[in-house]
Every structure is written in C-alpha cells, then in structure tokens.
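Naming follows writing order (A, B, C and D), and every chain is counted from residue 1.
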Amino acid sequence: MAQDYVKINIGPSHPAMHGTLRVIAETDGETIINAEPEIGYLHRGVEKLAESMTYHQFIPVTDRLNYCSAIPNNVAYEMAVEKLMGIEVPEKAQLIRVIMMELSRISDHIVCVGILGVDIGALTPFFYLFIQRETIYEMFEWYNGSRLTNTFGRIGGVEAPLFPGFEQKWIEFKPELMKAIDEMDKLLTHNRIWMDRTIGTTAFSAEDALNWGFTGPCLRACGVKRDLRRDEPYCMYDKFEFDIPVGKYGDVFDRYWVRMIEMYESIKIIDQAIEMYKALPDDAPLMAKVPKILKASEGEIYSAIESPNGELGFYLRGDGSDKPYRLKIRPPCYMVYQAFGELVNGEMVADLIACLSSLNVIAGELDR
Amino acid sequence: MGKPEVKRDYTLGERLYLVEIVKGLGITWKHFMKNFRASLQKGPHTVPTCWQYPWDKREISPIFRGEHMLLLDEEGREKCVACGMCQRVCPAKCITIKRGKVKEGEEAKYAGKTYCASFEIDLLRCIFCGLCEEACNKGAIVLGQGYELADFSRQACVADKKRLIGNFLRAKEEGRLKPKRPPVPVAGAKDAKAAGPQKAKSAGGGQGKGLKRGV
Amino acid sequence: MEAWGVALIKVVFIWAWTLIIATLMTWVERRGSAMIQDRLGPNVCGPFGILQPLADGIKLFTKEDIVPEKAKKILFALGPIMFALPAFSAYAVIPFGDKIVIGGKEIILQVADVNIGFLYIMAIGAMSVYGIVVGGWGSNNKFSILGGLRSTAQLISYEVPFGLALLSVVIIYGTFSLREIVLHQQGTFLGFLPNWGIFKQPLGFILFIVTAYCEANRVPFDLPEAESEIVAGYHTEYGSMRLGLYLFGEYVNMYTLSALMVTLYFGGWHIPYIDMSKFLGPVAYGIASFLVFFLKTCFFLWLFVWVRWTVPRFRYDQVMSLGWKSLIPLALLNLFITAFLVQLTI
Amino acid sequence: MQLLERIKGCLGGLIIDISEFHGDIAVEVDRFKIVEALTRLRDDESLSMNFLSDLFGLDNKAFYEKPKKKAKKGDAEGEEEEKPKELPPRFEVVYLLLSLKTNERMMVKIRVPEDDLEVSSVTSLYKAATWPEREAFDMFGIRFKGHPNLKRLLMWDDFPAYPLRKDYPLEGRGEERSLVYGD
C-alpha cells in the first residue's frame, strides 16, 4: 500500500527561517522522511556584478554576503585581490584586520548561538548576548563609521588606525561580554531541556562532513581539528596563541559548544593583537603602496580565510583590466547547507529548525 | 555512512531538570530586579538596550557614514569642482553630476575653476560605503551623521545640491562636522618587507610574479 | 430570590475580575519579559504602560476579521469560542476568599460550592483542547493541524498525571469540595509548618505544577503554538478578536490554574500561624481573605511568566516520554504513598 | 616546485597544461578524464587531495576574443585534435582541491566546448560537488552526466538563459516579466 506523507513547506517566509530559505519537508507525523532545501531567493548575481565593477568598487558588495559579519568577507576579498596583484600588506594593517575580524567573529557567533536559543524556545539569553553585539557594532561604528555593512579595509591595507579609545573600550567591554556568554552557558548548557533538544540531534560523522565539504565550526563539531587560521596562516595568525575547540559527534550541541568556546578564543586573540598593535610605532604604515587604478595581470588565484562560518574563499581571475574577469565566491554555508537534507533525515520537525540555526546559514552568503 | 551514535552521560543534577531550571530562574531574577530598579529611574536610557527613540537618541560616532553633505570652504565657496571621481567610484552608481564652468564674477561662490551645476545623490540607491568621500581630491563630499532618511516619495529621497549644502551648514552650526582624519601612512615602495606570511605554503614556489607556463 | 441575586453578582464579579486579571497579565507578561531581558517593554500608554492592554484590545477589536478562503467556516468560527468559554467557566468552583458578611447575611466567596468541584475542574479543563483542535482543523493549514494534534496528544497524556496528582489531594482531605479543602488547611502541620497542602504533598505539587504548565500550553510545553517551528500552531490563520480570544483564554487558564494551586497546596486564603478572623471584622475579614488569596495567586501567575522567559522548549516526543515515562509513574507512586500514609494514620 | 613535481608525477599523461601564478597551481586535464584525474589525485599517497573546496564554471569567450590571448592559447591546443586551432573550447570547469594532510591547494581545470556541454559528474567522488555542479549548470548550462538531481539551483526552473555567460547582459533581459505567479 502506498503511504502518503504530509508535505510541509517551511519558508521562505517563516518565523524560524533565517533570511529567505525554504525547505520542503515530507513528514510522517512529526518525523521528517525527506527534506529538500531550495535556495536562490536572495540571489543577486554578485558574481556577475563583480565582472562589471572595479576591484575597489566590489568591496562594499562583499559586505552583503554574510551580513552578520561583514568584515571577514571584506578581508577575504581584499586578501584575494592582494594575492592576485602580489601586494604585501603592512604588519599594522594586518593586526587591525585581525582585531576587527575576531570582533566580528564574536558577533557572528553571538548571532548564531543566540538565534539557536530562540529557535529552541529560550529567548532570554539571546538578548543578553545581543546587547554585547551592540557594543561590538559601536566599536565598528567608531572605527570607520558603519555598523553592519562596514566596507572595512582597502586593497593593500586598512583605511584608518584604531580609534584612540579603542583599548579602553575593549577593556571595559571584555568582562561584560564574558559575563553574557557565561550567563548563556548557565542558562542553557546544563539545562536538561536544552541538552535533550541538542544532544544527538542531526549528528554527523567526520567522513561524511569532509565528503560534503563542511568547514568551520560545523566541521570542527564533527571532531576534525581544522582551522585555516592554524593550518594555512594568514594575517599573522601563526603568531597568536589560541586553541581550536573540537566536538565529537557533530550534533547541534557540539556546534553550539564549539561556537561558545571560539568566542573565548577570539577574546584571547584580540588581547594579544592589541598588545602587538601597541608595540608598533604610531606612524607604521597602514597601506601598502598601491597604484591608484588597480590592474591585475592575467592569472588566477584562490585565496581563503577562516570566516566565522568556515572557509570563505575567493577565486579571482584577472585579465589585465581593472575589473575581475571572473570572481567566484566559495561561501562556507553553501557547502554545509547542501547536506541539509541528509542531516535532518529521520529527525523531527523541531530538530529541523534547531539544525538550521546551528549551521548558521546566512542567505546572503548562500545565494550571493 | 549513517549518523554516529551519540552517547553522553548526564549528571544527576542535569537529569532532574529542576536544579538547572531553578539556577536559571535565579539568573533571570537578578536581571529582572536590576532592570526593574533601573526602569523606575527617570531619565533617558536607563535600561541598557533601550533608547526611547524619537525622544532620546543614542550618541553616534563622529565619523558615522550617514547622509552626505557638500562642503564649503572657510570663505563660503563650494569646494566641489565636479571632477566626477565620486561618480565614477560609486559602486551603487547613485551620484549624478553636471559640470559648469565658473564665469567671471562668480569666483566668490566657487573654489575651483569648474563647479557642479547640479549634484544629485539618490539616497535610495546609496549604500553609504564612503568610497566617494575617499575618492574626492578636494574633500568636498563627506558623509555626515544624518540617518533619518525615510520619506513619502521616491523623489524626496533624491538629495540635490541645495539639500547637501544645507546638511553641511546645519552640521556646522551644531558642531557636528567630521573631524579631519590624518592621512593613512603608506608603506614606501622599497620596504615591501615580509609583513607576516601572506598565505605561506609549504610547496607554493614563493610569491612568483607573473604567469609561468609549461607542462 | 435573594440567593439568585447574590449568585448573579458573584458571577458578574468573577467574570469581570478574571477579565481584568487576564488583560493585566498580558501587560505583566510583556513588561516582565522585558525586564528579564534587559529591555523596557511597553511603557508609553499610561503610567508604566499599564494601558497597553487597552490599546491592544482596541486594536484587536477593530482589525479586519479575515477568514481564509479554504477554511472550514463554522469550525473556524467555533474554535476560539470553544477555547475561551471553558477557560472562563472553570473559575466557578474555585473559592476566591472565605466569606463576607453584608447586611447580616453571610456570603461565601465562591460562585458555586459544588461538592464535586474537582471533577468539574477536570472536565472543564479538558474541554479547552476541543477549541484548539477545532480551530486547528478548521483553519485548513498544515501548521495549524500540527499544532492542534500536538495539543491533543499533550493534553491527553498530561490529563492522567494531573488527575492522579489531584487524587492524592482528595485522599488526604477526603473531600471533593474545594472550599472544604481550604478550610482543612488552617493551623499547623507537625507543630511548626503551616498546614498547607504542599507540605503534605511535595511530590504531588511538583507533578501538579508541571502538568499545569502543560495544560496551559506554556513554555516549556508550548508546543501547540511553538512559533519557531510551526509558525503559530493552531492560531496561525487567526486574526483580530478571534486571535484575541485564544490569547485571552490562555491567560484566563493561567489564572484558573494558579488559583487552583493556591487552593490545593498553599492554603487558600490562610496566612500561616495567624487567624485573621479572630481580630478582623466580618467585612474586613472577607476582603482580607480575598486579597490574601489573590496575592498568592499573583505569585503563581508571575511564576508562569518567569519560567516562560527562562527555559527552552521541549520537543514533541520528549514531552510525551516525560509524561508517560516519568510523570505517570511518579504520580502513581505518589498516590500509593499517600494512600499508605493515610491508611497508617487513620 | 615540490608540489608541481608531485602533481606531474601523479597525473602524468593526463595533464594538458599546467601553470602557476602566485603559488597557485592550475592543472588542465582532458575533460573526459576528469573523474580519473580527481580519483588519482585523491588516492595518491604524496598528494592526497581529498577535499573538494569548490567547483565552478567559467566562460572564456571574451578571453580568447582578444587576439593576444589567442596566440598564447595556441601552443596548448596540440592534444585536442577534434577542435580547430582558432576556436579553443568556450567554457572551463574549475575544481579547487585541498589536501587535508599537507594543507596544499591546487586547481584542476577542464575545457568544455560550446557544442558539447557534457561533463561527467564528480558527485560520486565528492558529495560536496552536488550543489556547485547544479550551480554551474544553472549559470553556464554545463551538463554534468551522472548527477543525481541536475536542475537549476539559484534561478527559477523556467529561466531561459544562462546568466553568468559573458554574452548575457548584466541587467538581464527582463525574464522576470514573463513569470507566472500562483497556480
């Protein structure tokens, strides 16, 4: 006898969908038999757009990829262009990049972990963390005048030194941030309801994860110790002391936990970077010598950084003009999200939502 | 393939639900009391997240990238010479400039030899990236602190020259002009020193410039 | 004839009172959650925003009433009413105070002192699930049906431990009348504790409060309307005052359950170690007993809010397994122990 | 040139062209042998390129329309007999590989002519290729043989063109106007 399943259509406008994602799930009662994610609702043709823009003009567009943390996108793109043109970035600029990237890593993890809490029904820790995110945005605003879409950095360096009170602000902010993370930890981590909801849901093995192209926290949650900051160091990351947290089963709890620990590690990195920054002279260069009109020679490169979500790569091919011939973005959550059907198969509808938020799929980055 | 078996041991306290829930209630109670006391106080912004927006606004950064303004120099002359750099560099293509030649007798009005006969910024297209400000040689266009840009018609969202200069005059009156930023120190061409490994690769034949080919 | 008049006044009073409490609760919930979450909440309408429920009410009343094209019209209309009516009716048997003497006539502060008050509460409480199921089915929306089904399963499962927990109370006091139960709770227990139900039934109280949260569809058991999973559950398609009735019903349910908790486990209108009737006049005593009862109820109402903004939500199967595998065995154990102890003492 | 040597040793005759630019090695292989090449690269002990970072298409049209580049391409064309020398294949598919053992990256390229847009899919090797192959199909019209579910990914199903091709205008051709909403 043929069995009928209920097809439910979650998204693109659904209270738990982050951006415009859509999942068509076939359910047997509450159990998901088959789930197919559909994407493209936020497709803006960024790659096509890049072909008509100069190398510099494209920086603001990269803000709109992962809009929860624009700065790593900016830096990833700038580093790709710098690699294509063989530009060496001054040390001080790299330190500023590290500080800003780690701040936005914290803010991105705050978004992910906070929203995970909201989707599992705990709204309160979300607010405790988002207040701290507000302070991070304030720091961005005082650095270069913008909060969300930062357009941080320029090709060959950064546009400004850290603002004068930066260190003071960071010293004041750090205990607040740690307290908020602690509160989230106390409210959720050992709560049986939370544990039941997260432990064991959508577990994934390391082999599968690698085969599906997982990177970042989602891969580390599966137990693979891989972090581009350590494995392919860029921006002087090899000079910092930090740990790479790994999980064991790749379930929602591990992803949550890896992100929580990474926030602490980012705090450590920022502390060290500020110390190194202070040791540099005030007039140390912030920009490499870059021609006014950037023209890349013919050639193709691929450059990747560890964005908060995982490996964010830019493939660039130059053709001698001032515009990229082809630009391909490798968004981390694109690779993760394609395994979504496999991840949630056999789980329940509520787990689908929890899984989705733990993957931190950002529609802007996914659809480009 | 297949999902891994997950085995985690719960402690007794975790098993019993209530212990952790009571601890959680303690945390939320602390926050409640703190905010309850704060909300009884008079004055703006007593509770950390909340700004009572129309009545009470947060302090924004002096270099905030908000609504643009066209600057006048100390003698009240327009700085813009309508060179079109901002127009060219704008990623959103939101700036439209018409250039005019300064005629005899108008030197008191314009600083350069040319001036912008019209200068329009489509604020609906603008993404406030600040590239125009950076591209401008004369320092004539600057992003100010205005952020209340909502309006009732599309036409009203196109800022013309009058509005842009008005923004400047208002900002000057309120003392909200953007502080001048010192120029960014640029590395000399010669000391392109190894500033940290830019993507160090164990086998990646150095920073080979140019294209090498051959099987 | 006079008895009728008194009864009518009591009914009108308790309806109005419940309505006021429920409306105020929406404000308390919003302000309270805001305070817990470092926010301010609605503070513009009136002093401290206390008129916000009024504004909400006006909004809900004046909004366009949208009925989905493919909804089952009659069921769709019936759902909210079936949900709200039992919620309002359940309060009838709960004593909201002791008694008051007006004009030489003694009036019991309870709408109806039925000698099967317990069964009435159980029966009426179980009725409200029909409102949810009918509304969810009538909406003709998959999320609504999921919400309705979740609610049914949840209520059926939790009705059992709920009933068993109540049964233990009945065994102890030997009566079905709620007023008599309160009267039994005067004085002290074991010489130093107030003679309250909670000290005789600690496990029973925990079971009761857990199941009460489930009956009221509150976090952590708010699966029927889990907004992050199934949009808004059974009231996804509802708007205007129909939605208002659902939301209202929820708060009225909360009020009833809180009052029940006070009645059964926290000594009703009694203050521990103090007998108010000794030094208060008959009228003052009536009012005082009412206020004491109300304040105790307020604590539990606040607990509903407080817990809601502290804990995450269960998953459907976890609620089921908690109900059947933990709560029912525990309730049976509690019943057994109670019966055993009562047998020993008699 | 350690990595370069190892790649040459591993792929041997499969290599059509190999180039290096700022340390990034790109190897061009025959398009019919891509699965074999990737398998070899993955299983080779010294390379173990076991992680597919990305996969995407590329339109060469504008590239070889410039005469200078045409001449440059010429010398690499020797092995493809069926193509006339003046018209090298229009499309490329680029595979970005990564070795998790040695943290080395490389690119593998195949060229796909416009008149035969069929390439064998590598989803059997890497599940990670599932969506990128769909996207390459969506954007360039390159069909991947053996793909489990080859349909458009980002554009809607009835979209008539392949938007990332160089001859497609930046602002589109107004396809969205012919969209039919609802049932």
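Here are some notes:
In the analysis below, a contact is a pair of C-beta atoms (placed from the backbone, for glycine too) under 8 Å apart; a residue touches a chain by one contact, two chains touch by 3 or more.
Quick caveat, the model's predicted, so the values are computed rather than measured.
Chains touching both chain B and chain D: A.
Farthest from chain D, judged by the mean position of CA atoms in each chain, is C.
Spacing of chain A relative to chain B, judged by their CA centroids, is 20 angstrom. Averaged C-alpha coordinates give centres for chain A and chain C that are 45 Å from one another. If you average the Cα atoms of chain B and of chain C, the two centres end up 51 Å apart. One inter-chain figure worth recording: chain A and chain D are separated by 27 Å, centre to centre, where each centre is the mean of the chain's CA atoms. Along chain C, residues 36-39, 309-311 each make contact with two or more other chains.
Looking at chain D, residues 21-22, 24, 103, 105 sit in touch with two or more other chains.
Multi-chain contact residues, meaning those touching two or more other chains, occur in chain A at positions 83, 86, 124, 127-128, 131, 187, 191, 193, 208, 232, 298-299.
Only residues 1-4, 6, 8, 10-11, 13-17, 20-21, 23-24, 27-28, 31, 48-49, 60-61, 63-65, 89-92, 127-131, 134, 143, 181, 184-189, 192-201, 207, 209-211 of chain B touch chain A when the two sit together in their complex.
Interface of chain C with chain B (complex): residues 32, 34-40, 43, 206, 306-307, 309-311. On the side of chain B, the complex with chain C involves touching residues 18, 21, 24-25, 27-29, 31-32, 35-36, 39, 46-50, 52. On the chain A side of its complex with chain C, the touching residues are 6, 8, 14-16, 30, 117-124, 127-128, 131, 187-188, 191, 193-194, 196-197, 348-351, 353. Taken in their complex, chain C has these residues touching chain A: 33, 36-39, 142-143, 146, 219-220, 222, 226-232, 309-318.
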